[in-house]
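Look for subunit A in each of the two complexes below; its partner is subunit B in the first and subunit C in the second.
What follows is the complex of A and B.
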């Protein structure tokens, strides 16, 4: 079978029936290019940013990549799970509410139905909306090749601009996230150039817990401000043990802003991004004082 | 013609779009859907530099050029000129190159892949010259050394003595306003196919707005007489002016390749090519100086209005004319001076886009009028209503606002419906409330309907009606006009109008897509003229056809007694008999064959226009509107959200209220993009936002709550009495939003698009926070 990613060039499409079969094909000297939802791959080929691969390996039909399973304090999401499946999964809604918010703002319904979490991670874009959440959920990425399986913490998996810890013969199989602990809260915010179908100018997630007005734990991540999605360790270290006062919030805002070195590109300016990085952190912290309605601005499209 | 006495049955009804079903089902045939046997694919060899001199084209000897067809300037049968205003654009650059991507040669091959490969094996040698890219650079020179600029067009409007007016003022308020490029982003990109005909002519079919622009403009290049250039419209999913003059270029490329190769040749741009290598809205800069009395009277308006024309003249002079005519439109002022200029830059030529200069002008005008009101401490509506034109007043060109217009009526109604006076008490003026800035803003504006000046007289638009067999096998009437459907409803309103003129059911009327072989020239589908001008011409033709049918029926059925056609039935009271339209038409067709009537549009004799001095009646009529908007800005991020837009429109008599509302909602959404999102930069001579991912237009989730209301003041000189609706929705939203942003933040934003980034730059207090 052959498919066409761009009107002038056709690619061969491989359709393995199982993960081992797929890994065997990936083990060939010139491995085929994995194709999940195709929402990044097709766009890149059409835009000329990438040469249409001679051979594509379809992942959609692999049963091993599909499941979403809860175990104790983790949820394991198959790499082939679509944004739409994640968004509507009962366990994910309870255990990883911030992920539901993040995937709800990926593209629009069409993209959510086709695009997968594995594709988003493998694409490795610093503007991808999923990686920042995985950072605050201490996710572990499971990759496999014919030689075996590796479990890689997300912060090691994201190496540099469009560079991830994935070898040419490996596939991402699943991502395992820690569920939101009892009494903790998480939230998310994305700033895009429009309300939907928008690549982020900046986005971020937090997960934290406040006990008697004092911050017990706080994890915060941002995307689109560095070559990869990042955690803000200085901000986190500063906040733990502090009372949630305006003074604390103002200092966290300042620290967050100071700790990022974003660039100017077609979507936004370095100066605005730097400023608004701090503003997002301010927004996250103030949301603690606002009851438990989650983060602000998360009007997921087509809910 | 007095419209008041006429009653309408179909006109004014919300009849569904006739082409809606096939478009929703995917059955409509766009140019790329046409299956043409043995069709070759065309591509252009484009210049890699924006400004330079072409020395030679080098053909890679390793490539087999025998399998493809290459067209260079030497192959052009006629002159290597695009026959548009200025005549300064070659079809293929052969010496001076003026924009990056300018075609140097054309290649056709049996497949697109092969054509692209061949094009890649033709390398130009170019001596580069210094390019001039941006309006910012142009304005810097305009202010300091105009001799360094290449002026493509210039025009002034002079009324009274602006110096006298300024001298009489208590205050003079100055302001500069900027607007950027805007891309039309129609649904399907540019595309055309040229098929060589046996008689040596060429048949062109494609995505286009104006079949009678392409055919006559190609005479010079192709060296063919008009009759041998046939142009037919394929289904069009949107145009917005982007398919007004531009398709002549693609048509020329395809025709040249088809004539040389003897093959049908198709070119369909992909989105990136389309954005890079097709026309945009002209970037504009305006400087206003307005003289004011302390009581709010405007004593003088002085405007400098400059457009960035891009690399060639194309339609820029006409865009300039409409632009300057709208820089003061609506305000009553004795002393006016408008100085309009278009300068050349080395970017793709700018061209037609919904509004055609008026959105730029009204962006400046209504922003500045708010500045004037603010400077006087007067309420927005009080200042505007004090100065707005009323029946009997004269515009900047001396045109008298006629008695059947009442421009302030739409303003008064908008004020009421939006509850403006109460809502503005919530304006935050720079101090956020509950984490949000809030502001309400107004814009009040008009838009000239039809061609500028005496253009409609010179156009002599014609419409024909053919009594013929329809595709359903029944007798009926085919409307033959060159007006095109591009999403706005032409194919629906024209049958409504014709059915009303003929007094027959709409089912008996068809409106096929135009083909120059069958339709007379009704003028281009531009300038908000189709419903008003062509609609009225169709109405006139329908009345003629009705008379023809009545005469025939009277002779053939009623022994010469007069009869009357009404509701599809011809009734003769003298003999108390009647015949259906269908029976009469059938007999007539069987007996005499197809019957054609033609009608030509006329303006009242009282219209006077001097194209040199820009004095007189600058438009046949005007549509009017006011927009009042509510804007919310997140104090945390400076994200700007248009929450509500209340608008009232006088677009003359409504042909179809559902479609009219669709035009307004779509136009306001496009204007929202212009105001807040659509940012186009230039990188190395190319537009940087060259994909739908980077050129951000609004989605339905970005639209506000719309309150849209119509007030009908029909145009009395062209039944059924429509004025223009196509462009006016593009005009006023940007300044209304900027005025609301000022009410919210206290800051005047004078450059669109207004983004969180630009707002952040303009708000020093927010900047301080980051510096800490």
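What follows is the complex of A and C.
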């Protein structure tokens, strides 16, 4: 009995043993498609949303992509680090607490075990759970080819809807984040139809420092409101130097809603997203007045 | 067309060799090639968790894993392997006792998440037990009886089966 081919069954699978070997394969005239945890690519191929590539290059077995290393005020996370690995890493828990919160709400346990930070970035989805955090942590994406490596600030790396600054012969090898500065606080919130296994309607991250009631610094990012994850420069510029008062919070909320231009799609409407963008910023600022209880996490909501 | 790949894995404690196209999903290799049909396919998109198995100690969904990515010598545990372990038998009995299965389709995956959680031997709490099953969707039970079954099994979990 013949069985029809499923998913990527017809694709060839390359299994390089080292990063140099993988980069050599990527340098061939028709480079293979990188496959990390499969939590996006396999889904897209199975659902028919993407043509199965002729050749896949597995990244799972590459030792060079797995490390997480702290140095001075940064943490370098190998592109092959899984969400579960990031979530449980002692240095990441201390230095990048908002990232731990964000990866903890990716899918469920199985998806966290399989999915990688590099894969999430390579997928380039505006609803990806990781990119908004990387924006507030001033992350730098390290990509490599046989010609060498490039260090690209995350805000330049995210170009447009599903478009990233990665050439066909390049692989994402690491992401380096700035650790939370002394005295600063960060947090994250995601709204979806349920807490686990849901793609966000909207999500946001913040990192800020407030000294004696005055906002010294404040970075805020949102996902699922634009073709890529974005920072909110108007809101940030307004907030710096302002007292943390109801008047300031109300104006920041208004500015956030006014500055985003989301679309309506299957997960939410533009109107709802604009409104929630403001509410997220309000919630982030209010968290400073409520003491240091961290972020408000993730919750389901009526669609 | 891709060449066939051969792998030898330890599945449920038994050494098995199998040949398949490397892009074939682990789920299909288990069900079609090895006739281990206890593992179910629900959504095929990694959302429902019905195809959950344990590969080298990691809880994964077998519908999103190209079997060629699983190296030679890997240890795979499917629902068929549960009854070979004391903890597995305890969980099965607990699921039955508490009425945790209704239509039963999600259970082969659900119980693998339970086994994975309990066999890690880490401190447990209700939120931890719930979160450990967040990747498994059940449309019948409302989850309460499943959570009761896992909690009950945890109380009697054999010390010998707690591993790091």
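In this section, the second predicted complex is superposed on the first by the 288 of 303 C-alpha atoms of A that agree within 3 Å, B and C clash if a C-alpha of one lies under 4 Å from a C-alpha of the other, contacts with A are read in each partner's own complex, and residues count from 1 in each chain.
Throughout what follows, a residue touches a chain if its C-beta (ideal position, glycine included) is under 8 Å from a C-beta of that chain, and two chains touch if they have at least 3 such contacts.
Here the structure is a predicted model, which means the values were calculated and not measured.
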{"item": "Touched partner set for A:60, first subunit B, second subunit C, both or neither", "value": "second"}
{"item": "Contacts of A:211 with subunit B and subunit C, given as first, second, both or neither", "value": "neither"}
{"item": "Contacts of A:71 with subunit B and subunit C, given as first, second, both or neither", "value": "neither"}
{"item": "Which superposed partner A:49 touches (first subunit B, second subunit C, both, neither)", "value": "neither"}
{"item": "Touched partner set for A:197, first subunit B, second subunit C, both or neither", "value": "both"}
{"item": "Subunit B versus subunit C as contact partner of A:90, first or second or both or neither", "value": "neither"}
{"item": "Shared subunit A surface residues [contacts with subunit B and with subunit C]", "value": "7-9, 43, 46-47, 108, 195-197"}
{"item": "Subunit A-facing residues of subunit B, complex", "value": "111-113, 116, 270, 272, 634, 636-639, 677, 681, 688-689, 691, 693-694, 696-699, 701-702, 755-757, 760-761, 766-767, 769-770, 772"}
{"item": "Partner subunit B, residues of subunit A touching it in the complex", "value": "7-9, 43, 46-48, 108, 191, 193-199, 254, 257, 266-269, 271-272, 274-276, 278-280, 282-283, 296-297, 299, 301"}
{"item": "Touch list for subunit A against partner subunit C, complex", "value": "3, 6-13, 15, 35, 37-39, 42-43, 46-47, 52, 56, 58, 60-61, 107-111, 113-114, 195-197"}
{"item": "Complex contact set, residues of subunit C against subunit A", "value": "1-3, 5, 21-25, 28, 32, 44-47, 49, 52, 58-61, 63-66, 68-69, 71, 113, 116, 131-137"}
